[in-house]
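Below, chain A partners chain B and then partners chain C, in two separate complexes.
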Partner chain A sequence: MNDVKNISKNINLKAALSVAAGALFGTSVVTALGSQAKEADEWQFESAFLVYSEKDRVSATEAIIAGSKTFDNDEVLNLKLTIDALTGASANGAIVQPLAQTFTRPSGNGQYVTPAGETPLDDTFKDTRVQINGQWTQPLSESITGSVGGHLSKEYDYLSLGVNGNLAYDFNRNNSTISMGLSYFQDTFTPEGGIPKPLSPMLIGDSSSPDWNAEFAKTRISDSEDKSTTDMLVGFTQVINRRMITAFNYSYSMVDGYLTDPFKVVSVLKADGIAQEYIYENRPGSRVKQSAFMQAKYHFDASFLNTVADVSYRYMWDDWAINSHTLDTRFTIPVGATSYIEPHIRYYQQSAADFFQPYVIDKLAHTHFVSADYRIGEMTAVTVGAKYGVLLNDGNELSFRFEYYRQMPTDSGFVDVIGLNSLHLYPVVEAVIAQVSYSF
Partner chain B sequence: MKAKLFPLNKLSFKKSLQRFKRLAKLAVLTVALANLSACSSLGVEPWERDLLAKKEMALTASPIDAALDDHIYFSKEASSGGKSFGGGGCGCN
Partner chain C sequence: MPNKRKVELRQNKDGYSVNFTAMASPCEVLIQTQDKSIAEQVAHCVSGEVWRIEDKYSRYDKRSLCSEINNNDGKRVVIDEETYLLLNFSEQCYQISDGLFDITSGVLRQVWSFDSVSGECQHFPKAVEVNKRLNLVDWNSVKYDQHSITLPKNMELDFGGIGKEYAVDRCILLVKAITDKPILVNLGGDLAVTGPRTNNQPWHVAIEHPDCDALGQPKDMIVALNQGALATSGDSKRFLINEGLRYGHVLNAKTGWPIMHAPRSITTVAPQCIQAGILATLALLQGAQAEQFLTEQDITFWARR
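Showing the complex of A and B:
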């Protein structure tokens, strides 16, 4: 009885979502309602809820629901809704000091104090983001498939709009595929408190004083800034044999506009190592990234438990002197007839941008680009985790994923003239990722 | 004498460089063609796709996991994309 109830509840949920998706896409709701059961069979949904939590820092919760529907002539419509919420503290770029440090909030409204010996974290990070993606894929001829898509992401202080198009050509009895893709994003950043003037010192003082607003405004250049991203991707996929498939991609990405993080500062230290002020970071107005990606999947036989191995490697390089290596490995091991366990290991290593510095000594010597954001500094990061999935009686799949992520920033050869504790210059960041997924 | 030799050497160097470039191009073309013809001998017949057709053998077996991971690493590291578009999309980086 319960099962019947569950199944009917399931169908109702699916039907409701199908109607919602139909309404969103503009297909007739009346038709959808009229043939609820049929419609419910055609839409496939995947949903997930994820928590990402850093020790003492940022926490994010993210929910995704994605639906796909295949039409009569093999056209596929994919729709995806993502909602995430971010809370907690994020490193502001300044370094640890033996004294308490006071910083002005990015909005200019009030200050926060970092105790002596602690990494300065800005605890004003709170944001909710809604993202909608749509993708339409269809065969254009016997061997060519085309796809177009759109993207919209909105946060309180950020708007991102994007479009993409792809073409894929299958040949060699569909064992080889060449694909080409283009995407374009236009982003607008409107942070509360405006965009800070690069390299200007952070104003610190009594934010309730009458001339505070006028003084704070002097450290701002505008209310909003834009950024555009153009990506090109060329891919080649090759089936090797009954058990193995490989993929190779090359991508070229141009980012232009405001690439600075308006919330990040750089400590300006006196010769004794004590911060005399904090200047807003400044990054170049363009970045060209390239990457080479390769992946192999192999289906082992029964002597290896029918495990599927997924190994990929990416080499990325850019004109900020950052290059990175990413090695990602997953093994999907069947457990019984209806479940599987999937261990995952990811190794990541990046070099620093040429303008990265944990701190500066003489502000005047740095009239150009500088950032102390550890995310563009040298680092190694490791992710280890596992996923457990189970196929339910009704054909739906439920899975759980748990991972540990550790970032270990390292010294890229920065000449630390003051001789600070390297643990203070390059603090480790630890996070856990927990996810529940359900596809129906 | 020396002055005369130098431009000659320069010229022959240029020539050999051009020859080398031509050879390199030919080599690349040969390797590419060899690869393509090698590829045509790779692969399976339609009736041998039983394992490749399984969901876990798809290049992106779980698009949802991939999307979530991309978002995390995009906002925490200096690299993005490669497998698919790196893109913009959020104010997290």
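Showing the complex of A and C:
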């Protein structure tokens, strides 16, 4: 009577049911295949697509996919792949002139002309970067967690390799954590056209002439240059109560090697304010950066819409005389049961490096180190934006972020002996950032 | 029925617990938070979802979609996407079980009625009665697509084999969207968790022994669950004894008869409750080979005989 037919042993029941249940709930099959009692071993993925676009300048598109998996004994593996494509123009460091200006491309192959009254931009920026990060984290004892990781980033003319290690110690019934981290990066820069000789004048002329290559080579010192970065970090995290958590970090960073930007020049002006030549910038061969960071997160109750406030402040200082203040504020406000809106405001203020100069004057001995790169000049920058996130029926999160960035370089006390229009010396940079993320 | 629906919320040392009754079972939700507003949201969400599924798919409720399909005299009934997906899932279970799992097998209960109090089958059916019903068990003759279903006259759908487990998984998905606090959803013994408890501690779940009221019997088993779901199939309280043979309540959709020599209950673990439920049911349908079947399929289980 009990004619029970055995289910074919060839069927992998667990896998077949995972697929069926995945279709039923619209959940990922990948996450459903693993997972058993006593184990928490599902892959979780996050993906994002980001567009960054500066007005009239560089625009970047970036795709990120990150996965994390937790193994039997609470080991966690994180893998992240980032691909970005950069196109557009970047300021070459020279200042605006009442006349058209001609520049040689960094590769030495040809020239480009900036019209009168416009900020000189090198429009040859086109690069794709592939970046891979891997991190392994595991408990070493009841209260100590260890983590090691590797980093590889490759673009056409740049290679960066890095390793890191971290230790975290939990105490005070896991309400306090002390962490220490160490990382080391080795970067190699191989720009097309080689590394320019610092402070040498940019060769401008007929790049198709027979002497050009030999003359251009005289302005080069090598094909590639290296730099190494060592970072040390000490952190302390303290749970204040069930609504508030605080974190404090101190980091010390040493960078050695080639820190100059081979694509940046400095205008050399005559007394009448007209550029007579452009010299390649020169930065010191080392930089020591330190920063102190503090953060507080507070989860308000229903009287304040269950908002989570996240406020942080960073003070950074280095031996180039750059110091900066960053104040970053986010409010995550739940909207209904499954979505949230997150306004974001970031304020950034930085002082100039001691060798920053928007231009140099003919006949005046220019200091050994000089750069007109606006990124190391005095500036104030503001980012305002918001993110909207929604949890879909299948438990996956979809979010959209839109931000506006405005960078306003300011006068750091540079003695403008010629008396140029300050708008020309310190052009504003504006950018928009749009991002779509999906976690599954 | 709705007027009897009540949700109790209680605070305890570890957080909040929610109790209500649905699908003829005691239901419990544990929320590891001291935030009452979160607990209230979760309680409202889970009870609402379970009752919604009960109202929609219970074959005992005359107003349910299930009853509408079952009582439509072979005519087409419009369905929504959720129903379509459930039918698809049932189809896949039918395929992978080679027809042993069949949601049209509910009609067999008309001849196998287990008393709700004593658990005994009052009336041991004759083979001819069983065979008459067996003609109405045939998933293959059910026609459905994304928008409608047509069930041959007198046939019945019974979502009882997957409804509770489906509700557990739906609730887990919904509560994860409300909070990341650890939550356990237990609908009459079929349960799932959103993840480990705080500090990565597992949930300790007691599996009731089928004969727990009997003296001298082993006590409940405690299972540690970090992630995923547990479901139990088999029920010592529903059985029949005929000519000295004990029959369980799980019916073989191919023969129309209860399975013999099956364990009293089987509890399995899977990422989702609905998977655990199907695995446990399919194992019971293997009768004496239940344990062997699960072992061969590399499935974590606890069986009681």
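Basically, the second predicted complex is superposed on the first by the 396 of 440 C-alpha atoms of A that agree within 3 Å, B and C clash if a C-alpha of one lies under 4 Å from a C-alpha of the other, contacts with A are read in each partner's own complex, and residues count from 1 in each chain.
Everything that follows uses one rule, which is that a residue touches a chain if its C-beta (ideal position, glycine included) is under 8 Å from a C-beta of that chain, and two chains touch if they have at least 3 such contacts.
As the structure is a prediction and not an experimental result, all values here were calculated from the model.
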Please indicate which partner A:437 is in contact with in the superposed arrangement: first for chain B, second for chain C, both, or neither.
first
After lining up the shared chain so the two structures overlap, which partner does A:337 touch, if you call chain B first and chain C second: first, second, both or neither?
second
First (chain B), second (chain C), both or neither: which does A:242 touch?
both
Just checking: does A:197 make contact with chain B only, chain C only, both, or neither of them? Give me first, second, both or neither.
neither
If you stack the two complexes on chain A, which partner ends up touching A:424: first (chain B), second (chain C), both, or neither?
neither
Which chain makes contact with more of the residues of chain A, chain B or else chain C?
B
Touching A:391, do we find chain B (first), chain C (second), both, or neither?
second
Touching A:220 in the superposition: chain B (first), chain C (second), both, neither?
neither
Using the superposition described at the top, list the residues of chain A that contact chain B and also contact chain C.
174, 242
For chain A, which residues are in contact with chain B within the complex?
46-48, 50, 52, 62, 64, 66, 80, 82, 84, 86, 127, 129, 131, 151, 153, 155, 157-158, 160, 162, 164, 172-176, 181, 183, 185-187, 189, 227-229, 231, 233, 237-243, 245, 247, 249, 251, 253, 255, 261, 289, 291-293, 295, 297, 299, 308, 310, 312, 314, 316, 318, 322, 324, 326, 332, 340, 348, 350, 353, 375-376, 379, 381, 387, 401, 405, 407, 429, 433, 435, 437
Note: in the complex, chain A contacts chain C through residues 1-9, 11-14, 16-21, 23-25, 27, 31-42, 74, 174, 242, 301-302, 306, 337-338, 391, 393-395
Quick check on the complex: what are the chain B residues that touch chain A?
39-40, 42-46, 48-52, 54, 56-57, 59, 61-65, 67-68, 71-73, 76-93
Within their complex, chain C touches chain A through residues 34-35, 37, 41, 45, 85-86, 88-89, 92-93, 96-98, 100, 166, 169-170, 173, 176-178, 195-196, 199-200, 202, 223-228, 230, 252, 254-255, 257, 259-261, 269-272, 274-275, 278-279, 282, 285-287, 289, 293, 296-300
